[in-house]
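Going in written order, the chains are labelled A, B, C and D, and every chain counts its residues from 1.
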Amino acid sequence: MKRRIGILTSGGDCPGLNAAIRGVARAAYEMFDAEIIGISDGYRGLIEGDWQEMKRSQFSGILTLGGTILGTKRTPFRNMRVIGEDNVDKVAAMKKNYADMKLDCLVTLGGNGTHKTANLLSEEGLNVIGLPKTIDNDIYGTDFTFGFHTAVDIATDVIDRIHTTAASHGRVMVIEIMGNKAGWLTLYSGIAGGADVVLLPEIPYDIKEVAKCVENRIKNKKSFTIIAVAEGAMDRKEAKMKRKEREQARQEAGFNGIANRICKELTAVMPEIEARAVVPGHLQRGGSPSAYDRVLSTQFGVHAAQLIAQQEYGVTVALVGNTITHNKLSEIAGVPKLVPVDHQMVQVARDMGISFGDK
Amino acid sequence: MKRRIGILTSGGDCPGLNAAIRGVARAAYEMFDAEIIGISDGYRGLIEGDWQEMKRSQFSGILTLGGTILGTKRTPFRNMRVIGEDNVDKVAAMKKNYADMKLDCLVTLGGNGTHKTANLLSEEGLNVIGLPKTIDNDIYGTDFTFGFHTAVDIATDVIDRIHTTAASHGRVMVIEIMGNKAGWLTLYSGIAGGADVVLLPEIPYDIKEVAKCVENRIKNKKSFTIIAVAEGAMDRKEAKMKRKEREQARQEAGFNGIANRICKELTAVMPEIEARAVVPGHLQRGGSPSAYDRVLSTQFGVHAAQLIAQQEYGVTVALVGNTITHNKLSEIAGVPKLVPVDHQMVQVARDMGISFGDK
Amino acid sequence: MKRRIGILTSGGDCPGLNAAIRGVARAAYEMFDAEIIGISDGYRGLIEGDWQEMKRSQFSGILTLGGTILGTKRTPFRNMRVIGEDNVDKVAAMKKNYADMKLDCLVTLGGNGTHKTANLLSEEGLNVIGLPKTIDNDIYGTDFTFGFHTAVDIATDVIDRIHTTAASHGRVMVIEIMGNKAGWLTLYSGIAGGADVVLLPEIPYDIKEVAKCVENRIKNKKSFTIIAVAEGAMDRKEAKMKRKEREQARQEAGFNGIANRICKELTAVMPEIEARAVVPGHLQRGGSPSAYDRVLSTQFGVHAAQLIAQQEYGVTVALVGNTITHNKLSEIAGVPKLVPVDHQMVQVARDMGISFGDK
Amino acid sequence: MKRRIGILTSGGDCPGLNAAIRGVARAAYEMFDAEIIGISDGYRGLIEGDWQEMKRSQFSGILTLGGTILGTKRTPFRNMRVIGEDNVDKVAAMKKNYADMKLDCLVTLGGNGTHKTANLLSEEGLNVIGLPKTIDNDIYGTDFTFGFHTAVDIATDVIDRIHTTAASHGRVMVIEIMGNKAGWLTLYSGIAGGADVVLLPEIPYDIKEVAKCVENRIKNKKSFTIIAVAEGAMDRKEAKMKRKEREQARQEAGFNGIANRICKELTAVMPEIEARAVVPGHLQRGGSPSAYDRVLSTQFGVHAAQLIAQQEYGVTVALVGNTITHNKLSEIAGVPKLVPVDHQMVQVARDMGISFGDK
């Protein structure tokens, strides 16, 4: 059996991309007569015909490497989600290049946006397999995406380091964790880092409730408080607004990130405290994948190769429980996976006395 | 509601013990009127009546701390597995001290040996809840034990570091990973560390097959080979022996650890190679728990407190899929969880060209 | 010989404070009949008489602990630098409390501000020994302060992680490193992290030179550029302004941190690039000290105890070459140690093709 | 100016080799018209004529990479130290290949053995520059070699992890640190890791003194003891023997590493304790260099390029105080740098109550 496989990585970079690429490649070479085409910078390369034949040795030594050897782009596909006129051309270009490369199938590694496009291409008749990558863990149908646990490790390490400053100075430290829509990363790293308050996009907060928690700690002779807040957290008032409305209101108020705002709001209510914001930002998505993510990425990659061997396309690989499996692209594309407000881990956190700022 | 809870940690120490203790304590204090008794050095303290009332502040700041604040012992219970005459006295002593402490229940954190004793005490009428702790991940009924993923991180870091030496010197490096009966730790860290050969207790190896793998790599211009071997790995001949017989044969042969033996065996077959053993040993069980294990330990601890609130005893906490749940002690005690030879991850590894030394 | 020693930690917290405290205490207990008084929150505790007798066991297990077990404050001494009327009272209070505690001497751990006050107290007749702590490495008379190398490790790790994002996305990443006046931390971590451009407070930059460097890299097919910029970096125009003038100009321009400004300035000149700012902030001063800093802090602490044994006061401990020694407080207080523009490491960096944005 | 430079790495691999190679190359390309020849596997490649022209891009991205991209060998030069007949041929071969490659100079990165050969080649008329690499820090004339501080970090991390096991189980843990002749690595990591006993090759120990220290700790209610022992440590009796004699005596006694022996000796004297050996081994020399070593390696490499620009040969680069400088090969070759028994750090350790097992 011979298969010609195109691979691309799309969206924000994320630990484990190279490990997953290596997984696909090594298993493909091992299992059948594989030729692998590396497509540059995600869908940009597929549209513009920017690709190269890969050699087997290029997949060696990349297991531990952060980022992606294929390059990635975020921007050009903002509008791919709705097929407008411009995108019709892009889709045509991608189909043409797929044909020019003589691909048997296309493997796309990416997040929700990537999966939408992957599904679109699948509907257009291409043989597509997705691999769920994102530090946000917000892809429907898989318990975990690769990259997530590495980001949890990094964010937890940040909280650990901040902890000692907080304790030494008796301060409130507000740490802004990545996650615009989904709070998974904040929830996990908040619990792992021993945060006292965890604020998620899914659970609107009331600054008075947050202040109450700080006060209670002071009463119990805890001079400091650690607040882990997701980038996309919002207060109750904002939660009732539409997105555009909220963004406008924030712009007018000189919004400079949620962590900074919470510092301001808190010191407005409690002028006696010192509050500081920490915004680790891109730090959370870089560097070598953790052992967990290397194993998961490898399993995902190998499963993709197994699917290719069976000519099973139009699916994305997934972890369900402890089993690597796959879902139909059509069933998961465009469905974000948010933290359910009654999720077991939310309850665990509440039972420990962690506040979500909501009551 | 008021509850008086005894806690003990038994068996080899393991990252996450303190995080789990903190989880039980914080949730118990939060959920009901809890009094917590710390029992020293595992069952030794329960037998000898060595315990102290804990203060709430003693559970603060221990989330990230390696080891166990309660102390642990391994030795005194080797023989508890079978109730001999001596043990009858020990069980009586434990029941007496349980009564003296006026406990409502006993929470035991430990591995397979600990769970056997926990089940025994449960059968004797004590209210017992187990928490599955071990870097070996060999407790039946739970997908993961706490401590395991931290050990995977450490073992993977060891393999990573050895990798550069191996590549620079063109050597065969044999890394001995903890795990006497179960190969989980070797399997996970072997895949995460990019090992070329993975040898598990569950899959007897043939040194000729291992050598063949090294040869193939040399043919493919890979001058080095990484072999991850579990402490308890054995070759085909040994696998047919009974345990005592095998131990005797090894003693006679001057056995000095499996990694050293594999080096010897390999260089006997391939005198042209340089082979070196690395035995990280206790390193793999020490230090601060990883983010993953802090979350898991916390969830386990909180679940134990929830069980206490519901007066549900005679069980051990477990992770099944992504759900924290519990199993009956009677159903899991004494049942080790080994790596099935057809486990999905074994197949994944084979599909990538990783050798298990068996064919 | 009997000595009653007061210890305080002042200024921003910093890795190695506890290791140094432990060094003083263990050596003091070992060498003579020591009583140690822990003064809370730096000079605040000395002014307000907030202190406690320490027990030997309190210095156990703190070698690896980040922050300071004594607490620290920054704010109350902003104005101590000039003895105004208010400060006269503060000094009187400190002298009174020193007498009330019956101290033989006072050990102060801190940075430049702390040393000014230490010198002032020494001039007022108290027996004072300083220990040079700061992640900025800007204390005159010592080659290194403790805390500095740990901060270098953290900042380097940040640059490492950002590197993979930069390379995968083909971006310019601008990383803001702590250091308002002195660029040591940026210089060291910039070289260690492989930055392409290093911008220091001591070497004013010209954005056109920075842009030229990015362009050159693009010409050489390097799609990304890493810029390490010290918090206190400034461009040539600003360098000619007085501090207040500069601050005002920045405020009017809506200054939001130097990294963000450089991103804006760069994309104004080169609209085709993507530039992103990363501001790790407090992260750089938290957590467990590195091995280097544990050794240095311990040596510093023990040397302080040796000085106490010899009743040599009015000095601060220092590392010169590889020798632990001490300088007179009067000679080093208030003298910041900046990066000389012709420092050997600056030349090394230039010889490697690293740009300082100045030519 | 044009220069043709050969580079080789020899001896055991060590973190920072690639960073130093990159430093030489980047500065050489920047400063003059450089051609760089990579010689494979140390002197083996020079003898056998195994080399390749390097491209500029091959030095990119290797700053953080462990090991050496040029490969290294230890064995073939055991006997180079004395020029026997066989070596005459080797030297002739090296001179011939140097001429064939049309080198202007040869840069050798290595430890004491490497420097001996480098000096020999220099005496034979070749233009040689050495770079002092070794985790042992035992090269005369430089305060630190690169690789040393990374090894200190790793060994300290090992001690940290073992600490928690020791404390939880109340055990004596004996950790064997690399260093056959010189105890620098054990001294630094022992202090950084908070070891209670530090045993160095330079200070013969008496097991009774070690036992006394363990006893004292037990009296002071410290249930555990951490012993950091250098590979090459020896007791007083052995210290009086000649090397061969000692090796023979050890072989007869079934010597299995110094850590294991100390465990045996201790439990012979104190049967009530549990003692365990940990031998991290090769782990200590692998992986990415620390920030400290990346800076030092880079400085060393750039200094070598500066020396080439000035045509100053027959020297090895060195760190003296905070200055990068160089020494004549003839003055440092073959002179090991051991820990002086009255070194300031030894005194610091003694003043803290750390035992060297000698009194």
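What we mean here is this: a residue touches a chain if its C-beta (ideal position, glycine included) is under 8 Å from a C-beta of that chain, and two chains touch if they have at least 3 such contacts.
In this text, all values refer to a predicted model and were calculated from it rather than measured experimentally.
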Where centres are the averaged C-alpha coordinates, which chain has the largest centre distance to chain B? C
Between chain B and chain C, the Cα-mean centres are separated in Å by 42
Please compute the C-alpha centroid of chain B, do the same for chain D, then give the distance between them in whole Å. 35
From the C-alpha centre of chain A to that of chain B, how far is it in Å? 31
Find every residue in chain C that makes contact with two or more other chains and list them. 157, 160
How would one label the connectivity among the chains shown: line, ring, star, complete, or other? ring
Using the contact rule from the top, write out all pairs of chains that touch. A-B, A-C, B-D, C-D
Would you pull the chain A residues touching chain B in the complex into a rising list? 23, 26-27, 29-31, 63-64, 143, 149, 152-153, 155-157, 160, 188-189, 191-194, 290-292, 294-295, 298-299, 302-303, 305-306, 320-324, 344-345, 348, 351-353
Complex contacts: residues of chain B adjacent to chain D: 9, 12-13, 17, 41, 65-68, 71-74, 154, 157-158, 160-165, 167-170, 173, 223, 256, 276-283, 285-287
